[in-house]
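In what follows, chain A forms one complex with chain B and a second complex with chain C.
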Partner chain A sequence: MNTFFLLSLILVALSVGSAASNYHENLHLQPLPPSNLLASFNFKSNTTQSSFEKQHFQYFPRALGQILQHANTRELHLRFTSGRWDSESWGSRPWNGAKEGGTGVELWAWIEAPDDETAFSKWITLTQSLSGLFCASLNFIDSTRTTQPVVSFDPAGDHSPSENLHLLHGTLPGEVVCTENLTPFLKLLPCKGKAGVASLLDGHKLFDAAWQSMSIDVRPVCSGPEECLVQVDQTVDIVLDIERSKRPRGNPIPRPIPGDKLVCDTSKSYHTRDTCYPLEQTAEQGWSITELFGRSISGSCPLTDSESSNEDAVCLHISPVREVRSSPDSVETKWTNDFTRCFSLPPSIPFDLTVPEQASAAHVPLDQPVLHAERTIVGHGQERGGMRIIFNNPSNEKSVDFIYFETLPWFLRPYIHTLQATMTGPDGIRRQVPTSEIIKETFYRPGVDRERGTQLELALSLPPASTVTLTYDFEKAILRYTEYPPDANRGFNVAPAVIKVDAPQTGRPIYLRTTSLLLPLPTPDFSMPYNVIILTSTVIALAFGSIFNLLVRRFVTADEAVALRAQTFRGRIGGKIVALRDRIRGKSSKVE
Partner chain B sequence: MPVDRRKAAVFGGALALRLLLLLLFPSLPDLLTGRVEVSTPVTSFKRLQEGLFLYNRNASPYDGGVFHQAPLLLPIFSLLPNAQEYPFPTALFYSLVDLLNASALVTISDSAQAVSGRLYSSVRKQIKWDGVVVAAWFLFNPFTIATCLGRSTAVFTTTGILYALSAAVQGQNLNSMLALGFASYLSIYPALLFIPLVLLCYDRRAQRSNITPSTALFVVKHFAVFLLSIAGLLGISLLIIGDLFALISATYGFQLLVPDLTPNIGLWWYFFIEIFDSFRDFFLGVFWLHLTAYAGSLTVRLRRQPLFVVTSLLGIFAVFKPYPSISDASLYFALLPLYRHIFPLMRYTFFSVSALLYASLLGPAFYHLWIYAGSGNANFFYAITLVWSLGLSLVIADTIFAALRDEWEQENPDQRGRPVKQV
Partner chain C sequence: MSANHEDSESSQTAMTSKPSASSLPPPEKPNAIQTRFGVVAAFWAVILFLGFPIWWKTTSIYRAELPIQEMLDWAGGKSCRPVFPLEIRFDTPSLPDLEAQQLLRITQHTLDDLNEFSAHHLRLKLADEEAQQATEKADTALTVRLLAQDDLSSPRSLLDADTTTLDVFYPPSQIPPPSSSISPLSSYIAGELQRLFAEEKAIMAHILSNNAMGANVNTPQSPNSQAQQQISPQLAESITRRLRRSMKYAETYHLAFSLFTPGSAPSSWDIESAVQAYISPLVQVLSPISNFTIDTQVQLYASFSPTTPPPEYDETQQVWTLKEENLSAFINAAEWPLNPSIGSGPTINFILYVPAPSQSPLLVNEGKATSWIIPQWGGVFILNPPSIPTSESTKGNPPHLPANALTPAFLTFSHQLLSLLGTPQTPTSLPLRLQTLIRIRAATLLLSASSTMGSLARLTESLPSIPIPATVASSVSATLSHLSSACDSLRQGRFMAALASARVAETEAERSFFEKSMVGQMYFPDEHKVAVYLPLLGPIGVPLVLGLVKEIRRVVVGWKARRG
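Here is the complex of A and B:
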């Protein structure tokens, strides 16, 4: 996966070197075990800072540019992700995790503002505007979902030190990423997805993937004190299941392999004509772009800056012995001492790439991730629970230093004093260790009910070949009944944790994200607010009534009470008679 | 001074029982700490530990949604060893606090203020339990034991209230006001006890010196002492925390506005979960007004028995407080045996005791059904809290009836034992 990095470095170098408005796009394909394909789309456009400030947009999307200017945003990172990257079979993440977000929507930005309040109001402006632009519920990123991470994110662009920048970070773990987010995403591209590699992006295939991540990064890139570019970098990374994607859209139901096409293990004792122990597929599956994406690339985007950078429009990271057939008009370049082959796109002619089925060939070696992380909620019941985070350092030599960052919603109240660490070393013995042995630094900002969420950043150091489990307890708050969503018993989404691993050898940190969690909360009975109000009020009225009844009345003996009552009864009757008589008299006098 | 052997046996037995329970069931304190019946958001020991954790790391414990208890508890508890690793010292500390409370109860009982004060002396004053029996009722009450083992910080409020009472019956008016100031500082609501307590102090003063000081001046003076004691404690807290506004809004603001709706045995939580948003503030006001309404009216009607007014008010608080727990009930049940002489006049003893037993046995079961088993919903536990509140308010109303009847019989000795009516 280092290739990715090399590639992006070269691209950056190219774009910075030219120091002018330009646009570049490419597609990178890589088969992943067991039968998946990673497709990485990258679209990069630049504009000079001066023309950006004059609102002269050429390749830079105007809609986005105006929002950024209005919200004083100097650097923006927006992610739409769904699914889970299976690092155990697929190795380390594309772009070293720098271009992916947690499940749902993740947004972080550096905003220039004199103080925190102004920054926050600009942030709200930004989220509201982006919400409209991307048809996502970004406007639900309020103060309870916004944090200001201290050490987890570094600016990717070149900012002048005189700027007073504020980093704000927000997540929407429950957001379902779908076609309505892809359409505005494609609209930002110069070719609007009509030509170039973006013509492959189709909601049906993209959101059917095992894992997909769309990203938008806007950052200033400076090569000199006055030579600055504003760069917008859009990526789409998807992992397709080859077999699933090859099913025709009209007949998507998977069917068993017919009996005569099964490859059976004949060494089994029970192997007969009608019992078969199927062998695993040894051959590498064949595929083509048209089969997987349902369409071919409709020629190159004419707005890409020059012929030279069109060379690597479509790259394939595959074993050199594997046969690859491309459309005749494209030019193939093999990169030396690498597994990468690149193809240029012919203008306005459909382009397809076919990799036929082939008996087992040498696999492309996968980079192993530097750290495995897993985060789960433990415990049962709707009252309290615990968070368990497992870190595993696969390396036998090097220890790993990293930052663990999580934001928790306010209705999940962690008890940070219960934070405990257990470590399983290379000897396989599990033991309790003091947290100070692993945690070097802690940044903790407890949540406030209905105002802000909890923010926890831990700087950890993991010794070689060890597994560390962190646990802490939390309590689940019960909410007011109007604060529950309509599907209250489904539970509430908790944002994934972000892990930043320092990688001094490459310069840029590696990011990992855990999966998002589902938190069931205790629920009241939604059907009976009236009953509750009435019943509680009744109990209060009973107590109040009986006590005040005692307080305001005086005691008499039972005999006296009878006498009193009799008297009052007689008196009442008498009074009524008198009143009646008076009325009759009054009437008669009136008549007279 | 001769050691009272009965007293020593009761106190020693209570201490031994608490430590034995801890020894036999080491997980019991944590279990009880987690129970909603024992720990409320304003008294929970776990929340105290979280606040302590932040305090010991120089972070503000009030800059978060977890800790809402008085800041003075923090330096006190940071002296104790960590309760997670060494549970014994904390348990011993809480048991000793319980014994202190019991000894205050013995003082109150021995003063016989419950049966005869300055303005009133019951005709049944020979029917009474002595101090040791009253202390035993308190110390061996399962609610008290659960509160003690659950390490609820409500016990310190209990201490403040009981010491205010015991100082008042001994004529130490200044100490009484200081203790009430301490209790009010810890959890705001004891301030409502000021009126009956100052009357109790006044009666004792008048009884002792035979010259009656000016009532208004006496009340104003003591109110000043009471306010000064709270102000002094807040001043010390300010030295500990620094940010007065954050402190006040996180502790007293929290108790007044009830933002945390964690289930408890009271009536507020479910009501404020289900109430329509536009009426929330109105009903918050109504509920507080209702709670404060009792203080004045009871004091006026039962002017001759200020100690009984305090007892009844504590019972009412145990039902209608925003965050009640069984520790409030245990304080009420601790003072109730002082009124042994009016028990024969109560009418619904069987019914109310059954309701309370029913609620205390079924409450945990229904809570389990709702939260853990999932086979019941919130209404199960809510219904039980209704029964509990009903049972407790029945006891309160019944004792008030009995006390009033007792007063009436003292006024009309010839009518003693005859059936009565209220008109």
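Here is the complex of A and C:
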């Protein structure tokens, strides 16, 4: 039921966005157990295709529009993500995972080009320009980090069939997303984060979150053959730890709760004045927007032109029994769904929302994710390793069909023939199963050293209430001396795998992403070249010197050598020095 | 067998030397000495004829041959003397041929007397004379139409603002008689022409005198200085200012029109029709010189930077004023999204600023101006729209700017665009000014490409360790050939062709100067090289050198002994 309403909300938002309205924004807030809050910002603006082509930009950001035109990009998806979505306690992902990327930066785009080579050169143009616009290292997406997925992504926009589109996908799992990426993100908004819900976005709070994802999607939306809009859809999703966010800005260091304020389990036998078994908090924590974000919403963004679209500017997804206080000028609307309350924003007056502390209120039921996935690197040693991917289907009735897509860097060379599957059924017995029983289809493009990474796409089907573990072995390549980064011993990032679950009932697929991995590679001692030079030089010099001396020296007996030396001036002086030294030694030994 | 022989020999020497401790070894056999000489010679031969060439070959840098002297000649102005012969056609429908030629001759003579700046001179031609020589036709700068009008006492002229025609009306009595060498009509025409091209001449003199190439133009007496003395100091000052603020020449300019406002209104403007009406026609006529792209944007909530002094309220006139000295800080470069457009070529920004209703009307302090030019960057126009009541008490900006509200702004922008491109302010005819612009651009490009050649030549001479790829050499030769064709075209008065050649020369020159592989050279300090070479060369070099020294000494001693 909950899924249905969240989806219907999304669909309403989508339809509002794609209508004549030029700009639309809203904020969804939802408390998550144990004491977190999901804040989901969404900003949508569009422009007509004709003014986009003539470069007359009103709400559509000019910088982004010019980049897209310069790179012949028809559809763009850019994600900046950090942290991990804890699906065990937070349930299914916001937007069904459609608006998030793997850890770091993920970019995929449909580029119009006559052939693959032109498409790739346009792709490089696109990454270079976006890198400058978003202050991210997107320019490091080169051919080794670029793939062309076959079945994992579908275009979200309406494209005419005559266009020759190429899908390119690139990831930067090691990119640290931070404030310098948020500032250009906010500059793309028509209200610049100075009015409307975007005024809450602040780098200090945003990047302090347990999980955050920023996304930008640009796609063409056509209602008729000649009536096309170009839509830019920006979202920011964050999961805030309520307690952590409520810390005052001037005094952010967490301190232990004083002893007299601890709630202790007095029934424990060891409970005394100085030993305490803390009880779990039963009351729902109270919070307000000002406390969590450090500021209030500074009025509505007046560009949302129709009154109706301002109605759902701030929506709260919370149990109906909880009390919610809002600023007096706003209008509250309850949706047919009991769990959702929406508020309209007053123009140019600060808006705040307070949810006071309340004892044991009913929770909003959370959706369970359709699939759990986990990916780890196993094995030991510098040469070989293995990948283990665990899929878990929590449903007791339905089997899950999905696409598993991963790109591996070229220095990780998988052996696909070692791909094995073990299944734990509902009976709890582990057994080896032939991979063909689970994997319906495989698309595999082996990597080429220093040119492209490995691309693996598997279509899998998981029976109900079962856990499947896929494993395969890989070999670690040895890199060239100059290919190591400065922090070589930290390990090398392996991009997260993308899982696309088909959801026929909604039409839009559900996306999951695993965490990114760190691959330790054999790292040399970086003073090696000098050692090699010194050592080989010494060996060569030794060999050369002895051979050369053998060839050109004349061999005489020791006596003859003395006689020869005595003939020369230097030899005579040397002899005298030796004699002098002998005399001194002789004297000193006598004294002893 | 030889080993045996040696063995026995050494044991023999050992036995014989035993009795006396200081006995000398027997003298070496000549063939042993010869063998040693051969060994040392062979080692040194390998080093000199194999090792050294390989080392030389593998560590040397490819340097393509460049015509250094020719490049320096261009930079020094020795290869080309830029001249600007302007051809002026005389259209004399009402005069007989002979009289027309006589008038032409006298006028030309008067003009030559007036002109002090020989690089820029006017050549008069009759219209029908022009028609006869179809080949090698020079661009006609101006057509003078002589029209007789009876009721005039003195000649009168009218410059058509849309074409390059000067109509001169004269009383028929002033036609010079065939024998005279001076006439009031011809001196009037000469004076008019001189006046029309005065500013262009001043600009040319300025451009040429600021360059080594131009400085050499009129040796030995340098009439340049005379030409400059002719120019009034105010004109010279304004020319310097205008040249300083005009953009550097480029193939393509991006024009970016932005609407900035500190609040949320106005959020839309009739930009398409404004561009269509005021900018597109201008871009059309400028297209022979450069290409233009146009893009526009609306930026709301654009506040001043915190360091900018805020506008002050002038009580007496009830206006908000910006101080002129604070205008440079008006653009909040850190926050306003004014990034240059993608693609090659500079961006010219035009900013339409609508102040907040609380700060309206906003004017610039002195002169109450509302617009100004930011040198080499763009222009700003402050638009104070009539405020409309939004709610009970507050007033706000209108949410939409209609086309007629944009008219003053876009007229100013088109004017600013012309001055940013370096168009002169006189005469009134736009086609004439654009022709002048073509000549100015051709001259500046010619000079800048030549000086780039000189810099490249000096750079390659002063840095012997930078590589010069073959592409640089080919770019340089392309530049030089286009420079000379530009120079030839100038001499023949074909300025469009000169500009085209100079454009190519400039791009090729820039390409050769900014060649990436010339700078992207890995840098190995000398200490590094020593650290790499020494462990090998030290232990090997010492025995080799000592062996060589011994052999040479032995040869020298033997040679001396033989002579003595």
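Keep in mind that, in the parts below, the second predicted complex is superposed on the first by the 510 of 592 C-alpha atoms of A that agree within 3 Å, B and C clash if a C-alpha of one lies under 4 Å from a C-alpha of the other, contacts with A are read in each partner's own complex, and residues count from 1 in each chain.
Going forward, a residue touches a chain if its C-beta (ideal position, glycine included) is under 8 Å from a C-beta of that chain, and two chains touch if they have at least 3 such contacts.
Worth saying up front: this structure is predicted, and the values here are computed from it rather than measured.
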item	value
First (chain B), second (chain C), both or neither touched by A:Ala477	first
Touching partner for A:Phe555 - first (chain B), second (chain C), both, neither	both
Touched partner set for A:Ile533, first chain B, second chain C, both or neither	both
First (chain B), second (chain C), both or neither touched by A:Pro522	first
Chain B versus chain C as contact partner of A:Leu564, first or second or both or neither	both
Partner chain(s) touched by A:Phe544 [first = chain B, second = chain C, both, neither]	both
Touching partner for A:Ala283 - first (chain B), second (chain C), both, neither	neither
Which of chain B and chain C A:Val378 touches, first, second, both or neither	neither
Which superposed partner A:Gln55 touches (first chain B, second chain C, both, neither)	second
Residues of chain A at both interfaces, chain B in one complex, chain C in the other	533, 536, 540, 542, 544, 548-549, 551-552, 554-557, 560, 564
Complex contact set, residues of chain C against chain A	10, 13-14, 17-18, 21-25, 28, 32, 36, 39-40, 43, 256, 264-265, 267-268, 271-272, 293-303, 335, 337, 339, 341-343, 531-532, 535-536, 538-540, 543-544, 547
Residues of chain A touching chain C in the complex	51, 54-59, 61-63, 66-67, 70, 129, 133, 187, 190-192, 194-195, 301-303, 530, 533-534, 536-538, 540-542, 544-545, 548-549, 551-552, 554-557, 559-560, 562-564, 566-567
Residue ranges of chain B touching chain A (in the complex, touch as defined)	34, 36, 46, 49-50, 52-54, 59, 63-66, 84, 259-263, 267, 269-277, 290, 293-294, 297-298, 301, 316, 319-320, 370-372, 374, 377-379, 382, 386, 389-390, 393-394, 396-397, 400-401, 404-405, 408, 415, 418-423
Footprint of chain B on chain A - complex, ascending	380-384, 410, 413, 415-418, 444-450, 454, 475, 477-482, 522-525, 528-529, 532-533, 535-536, 539-540, 542-544, 546-558, 560-561, 564
